[in-house]
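First the structure, then my questions, so here it is.
Labels A, B, C and D are assigned to the chains in the order they are written; within every chain, residues are numbered from 1.
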Amino acid sequence: MKWFAGAQSVLDPAGPQAGRIHGLFEVFLWVAIIVWVLTVGAMLIAFWKKHGGERHDDTTKRVVTACGVITVAVLLALLVASAVTGSAFATVPSNNVMNIEIRGHQWWWEVHYPDYIPHERVTTANEIHIPVGRPVRFKLTSDDVIHSFWAPNLSGKLDLFPNRVNEAWFEADRPGMWRGQCAEFCGLQHANMAFWVIAEPPDKFNEWIENQRKPGVMPSTPDQAHGQEVFLNGPCVVCHTIRGTNALASVGPDLTHLASRHTIAAGTLALDRGNLAGWVTDAQRIKPGNRMPPVNVPSKDLEPLLAYLESLK
Amino acid sequence: MTPTQEAVERGTVDLSALDRSWAPPQGLLGWFRQVNHQNIGKRYIVTAFIFFILGGIEALLMRLQLAQPQNRLLNPDLYNQIFTTHGSTMMFLFAVPVMEGMGVYLVPMMVGTRNVAFPRLNAFGYYMYLFGGLFLYAGVFLHIGPDAGWFAYTPLSGPLYDPGKRTDFWAQMITFTEMSALVVAVELIVTIMKMRAPGMSLNRIPMFVWAMFIQSFMVMFAMPAVMACSGMLLFDRSVGTHFFNPAEGGDPMLWQHIFWFFGHPEVYIIFVPALGMISHIVETFSRRPILGYTALVLSQIATGFIGFGLWVHHMFATGLPQLGESFFTAASMMIAIPTGVQIFCWIATIWTGRPTLKIPLLYIAGFIAIFVIGGLSGVMIASVPLDLQVHDTFFIVAHFHYVLIGGAVFPLLGGIYFWFPKMTGRMMNDAVGTLSFWLTFIGFNITFFPMHILGLHGMPRRVYTYLPQTGWGDLNLLATCGAFILAIGFIVFVLNALSASQNGPAAGSNPWGSSNIEWSTPSPPPHYNFANIPVIRGREPMWTDPEPPVVTGLDDSRREVLVTNTLDAEPEHRYILPGPTIWPFLLAVTTTIGFIGTVFQMWWGVWGAALSFIPLVGWFWPRERPRPDLLESGCGSGGIE
Amino acid sequence: MTAEGNINVAPLPTIGFGSRAPLWWGQVYMMCIEGTIFVILVASYFFVRIGFTHWPPPSVIPPALGLPTFNILLLLASVIPMYLAGEAALKGERGKVIVNMMLNIVMALGFLFIRLIEFNRFSFKWTTDIYGSFVWIIVGLHTMHAIADTVQSMVVLLIVLLKRVDEKQLLGIKIDGLYWYFVVGTWVPLYLLVYVYPNLQK
Amino acid sequence: MKHVAAGLCVSAALLLLTGCKREQRQLRAEPAERATFAAAPESPIVPGGKVPVKVEVRNPYEGDAYAIAEGEKLFSSYNCGTCHAAHGGGGMGPPLTSKNLTYGSEPENIFDTIQKGRPKGMPAWGGRLPEYQIWQLVAYVRSLSGQEPMSATPGRSDDIEYKTKAQLK
């Protein structure tokens, strides 16, 4: 997983919403700086100016009143600016919208692409691919407690509630990878509940979705075949799905195209064999309290299992 | 013993008699029987600072954990308990109680009377607060610390996602502390309404008294909300009601609405008393009457009202309808106006006065520098789009620490420094004071300013760790260093206070040359506060009227005070206050038994109530000599009505 | 110390009644606090109710009106002896105080007994669903207040019976009455909410 | 402030008695408990009755609130509800809310039932679930019939699946 400072930042907008909010922020920021300098400056002068002489309380009171009036005016201006920005992206654009359903779990993100016929309904986890320049409508709900969906570079956050669907939308105006994270405290592993948004040019995106719609690849080497055995006869099938096999449980993330993702454990680890091995054998060391049990895989079976998982492009 | 006519005229009093009737009982048993506002007030302050230290230690632990990415100092379970306890401690066990303590100690002295209106209730409130705090910390040390955040959102705090008794302990602690807050509010309001010295009409009430008056009203209407919702949560968890259970038609949003309907005023409940202290400090050290008294009072009242109208701005990210949101944006920005006006008034007072930069005023300067930043970031997050970005990030953490530490703790430290001579009769050391101020000020900004930037760079709050690749490490390390400087600053302050209380130079009755009547009585004040209740003839009596006429004819041989009317403080009647008694303590004990029991088994509520019956009867059982004349002739009351 | 301008309060009485008495104000504010709790519960009730098309939920039968209606009438009636007791106290007529207090306590106990039957007649428990939870907490909380003040009245009566009463107890009787008015006053809207409103909805 | 200290000690002692066991949260199971368990002998089938043979097998999570809650989550995750109904009310499969289950209600019996499966449809989870998860399920199942301490059992569930607002309307 490469160094991604800035890939999860309000200050580096990659979409219209984040862009406008960033603009609004700068307005507020400058107002704040000016107000602060004036206030504190006035205070310092008040301390160190030459005192004495007779007081003109009435003039002073007029000055104070004036300051009050100015405050009101400034706040009014900011209020308008904020309202304009807010209403700018209040409504989801109607044409050419792509739908994505997101279901929050303790502590990972389940992602659906419902625009495709049911039996090929694309399901993935912790990684959201979107086409550049096309608005995406998110339907957000939660499986357990309240989570909050937040990809700062693209837009503000919105909470996921059990038994309720919230709607958000955003759009990426340039290709790239951005990180998001759960922003509402949701228990033990709140800190490790991240996801990646990957914006690609439409053709690359279509390529990706076409691949995602396929069932999981069949093992091509005896090693991988043995790995699949281990997977299907082991504990894995109690929680995970690999479409095209008889592993169909939906407790944990869908692994049909696991190897096509960049990270595992909800954006906690880069996907490579070492991390995969660590995660499979003792997930509790990496994310204490998460729902993936430590699995005692005999050493002769571990390598094939990993080989199989890594083949699931 | 009735004083001679001529003695009454001249206002000479039998001090030994006064002392006899007002002296608090001594010894261990005596400690539990004391009801003087001075003792109870000091207890509140000391206890609150002990909890402040505990909360500070928790803060340092969190900072250590976050000092570097993927630190393994604390496991997530422990971290969650620590940050929840930190928040709950600072809000419920430090900030509110310490302000109440200042109020309980100062208000009767400032309005010129000898005790609060309901001394026994006052004592009861303190014990409830103490037991509530001990209860929570007993849990924390037994690994039953709350771990759902200090606003305990359901369903995370519900029966399935927070098993065990952790959240029950937290919710019951709230019942304890809010009970104490409520009784203090009631007794302060009544004290201020009915027991002001003659002549202290509304327009002569000292600013801090106004502040406590407004704060108490806010407590009265905000605290019931949190008692209601924490009670509902307890029922949900223990007897299976469905208030917050979506499966049976309950709603997690209900919790958020009720909690924040309390939670937002809470901030002003902490902040308003600080405003009162600031006015006195600014006035004293600018050596001129405060400028814009009326404006200040009106803005505080406005703050009190608006404070109830903006709770929803904590819930912008929950997907509420647009229109409602913009209303609450407007309200949230509006609250900046009264605060701005007050800051302008203070600066103008300093500007037109002859300021001497003594340490209390230094703290106020620090307050303005810090609080204005907090206020302005507050204006930012009042705007829905900006809030959606920074909500629940470290930007918010920075914001509310700037508002609460800058807005409440700095004035509080200044206020303690300012009234310390009155409370102890000794002065704190100025050199050490200056040192502690600068340590606190610099440490504070190093700790919390970087958090703004961390938040903008996407760091959510309440994370026990973060990946090295996020690049958040350096600023977190900086913040941790700052936290330790800040801690040293507080420690120096506490040490300064401790040593000064033992062997500081003696302070006269009015070391700062301040304007209000609490400075007319010796330091430390006698148990009866004033040998003679002064008659108030101006807003700055000590400056305009140092030798005021006095109230005479109060019976020195018993705890008698003067009741005056609300508007103009004209004498209405004398009023006999109860003396030392053990019953409030015993009632607090029985109530505590009931409360703690209900956490495990609801029937304990009944047993607790039954137990409490005994101390209640003891409490209300008449102690004064019966008056045979009354029920026969009825003259005793006939004359009154 | 100068003598002129001094105020001699020795002639003033050592007790005030009504809005002159700190205790009276204390009681008023305590009632404000408890009132606020009720207001918040009622507000929550309606906040939740908005989420439903049918209220109460079809699964529950709303409580019957007969007994509760009789009970609220009894409660309202109990105000009269309480008021008379207060008046008698001011006039200092010990006998009348005792008689009226007793009458009030008897009525209060009757009310509480019928309240017990009401609880048993509810067709739902607090665990049934959100409706049940709200009905039980609202009625339960009010019952707590009623019990508390009945006990308080008993204590006051006991004091009047056992001791030669002084001013404080006269005031006590008035305050006790004030609190009883609160208990009765709050029940009227709550009665409408708990018993009448759901039946109207059907 | 020695009375305060005393007060703290008393309440601490008091809570220690009630607190410690219930409040344990073992986030990372001991290696021993990860392997699947195979020691408990097949228990004779005594319909309704209790099991005479008692083997010394203790549930490490007896009275542990966290384990009971985890068990409840696993119960719905692993779709036990499809046969036993949500909260073990009973459906195709027998109800779990009774104190004497068909194959015994002692922890080790329930463990066996889950691990080895039973005739007429109860699948064997032995190869699938680690031992500690089975024990968590055992704790939850026993809590359904009130055989776990009240103070460790939640007042109600937060399960949102079995009855939605839509159905209430």
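Just so we're on the same page, a residue touches a chain if its C-beta (ideal position, glycine included) is under 8 Å from a C-beta of that chain, and two chains touch if they have at least 3 such contacts.
The model shown is predicted, which means the values in this text are computed figures rather than measured ones.
Engineer: Can you figure out the chain closest to the middle, judged by Cα centres?
Structural biologist: B
Engineer: With chain centres set to the mean of the C-alpha atoms, which chain is at the far end from subunit C?
Structural biologist: Here the answer is chain A, farthest from subunit C.
Engineer: Using the touch rule from the top, work out which pair, A-D or A-B, shares more C-beta pairs.
Structural biologist: Ranking A-D and A-B by C-beta contacts puts A-B first.
Engineer: Please work out the Cα centroid separation of subunit A and subunit D, and write it as a whole number of Å.
Structural biologist: That gives a centre separation of 35 Å.
Engineer: Could you please state the distance in Å, as a whole number, between where the Cα atoms of subunit A are centred and where those of subunit B are centred?
Structural biologist: It comes to 39 Å between the two C-alpha centres.
Engineer: Using CA atom averages as chain centres, what separation in Å is found between subunit B and subunit D?
Structural biologist: The computed centroid separation for subunit B versus subunit D comes out at 45 Å.
Engineer: Touching two or more other chains, which residues of subunit D qualify?
Structural biologist: Within subunit D, the residues that touch at least two other chains are 25, 27, 73, 156, 158, 160, 164-165, 168.
Engineer: In subunit B, which residues are in touch with two or more of the other chains?
Structural biologist: Answer for subunit B, listing residues that touch two or more other chains: 75-77, 155, 161, 235, 239-242, 245-249.
Engineer: Out of subunit A, which residues touch more than one other chain, so two or more?
Structural biologist: 144, 162-163, 188, 288-289
Engineer: So in the complex, which bits of subunit A are touching subunit D?
Structural biologist: 144, 162-163, 188, 233-235, 237-239, 251, 284-285, 288-289, 291, 293-296
Engineer: Which residues of subunit C touch subunit B in their complex?
Structural biologist: Residues in contact with subunit B: 1-18, 20-23, 25-26, 29-30, 32-34, 36-37, 40-41, 44, 47-48, 51-52, 57, 89-94, 126-127, 129-134, 136-137, 151, 155-156, 159, 163-170, 172.
Engineer: For the complex, which residues does subunit D have touching subunit B?
Structural biologist: Touching subunit B: residues 3-4, 7-8, 11-12, 15-16, 18-20, 22-23, 25, 27, 65-66, 68-69, 72-73, 150-152, 154-165, 168 of subunit D.
Engineer: What part of subunit A is in contact with subunit B in the complex they form?
Structural biologist: Where subunit A meets subunit B, its residues are 1-6, 8-11, 18, 20-21, 24-25, 28-29, 31-32, 35-36, 39-40, 42-43, 45-47, 49, 51-52, 55-57, 60-61, 63-64, 67-68, 71-72, 75, 78-79, 81-83, 85-87, 90, 106, 144-146, 148, 150, 152, 155-159, 161-164, 166-167, 179, 181-192, 268, 288-289.
Engineer: State the interface residues of subunit D toward subunit A in the complex, per the touch definition above.
Structural biologist: 25, 27-29, 34-35, 73, 77-78, 125, 127-130, 132-133, 158, 160, 164-165
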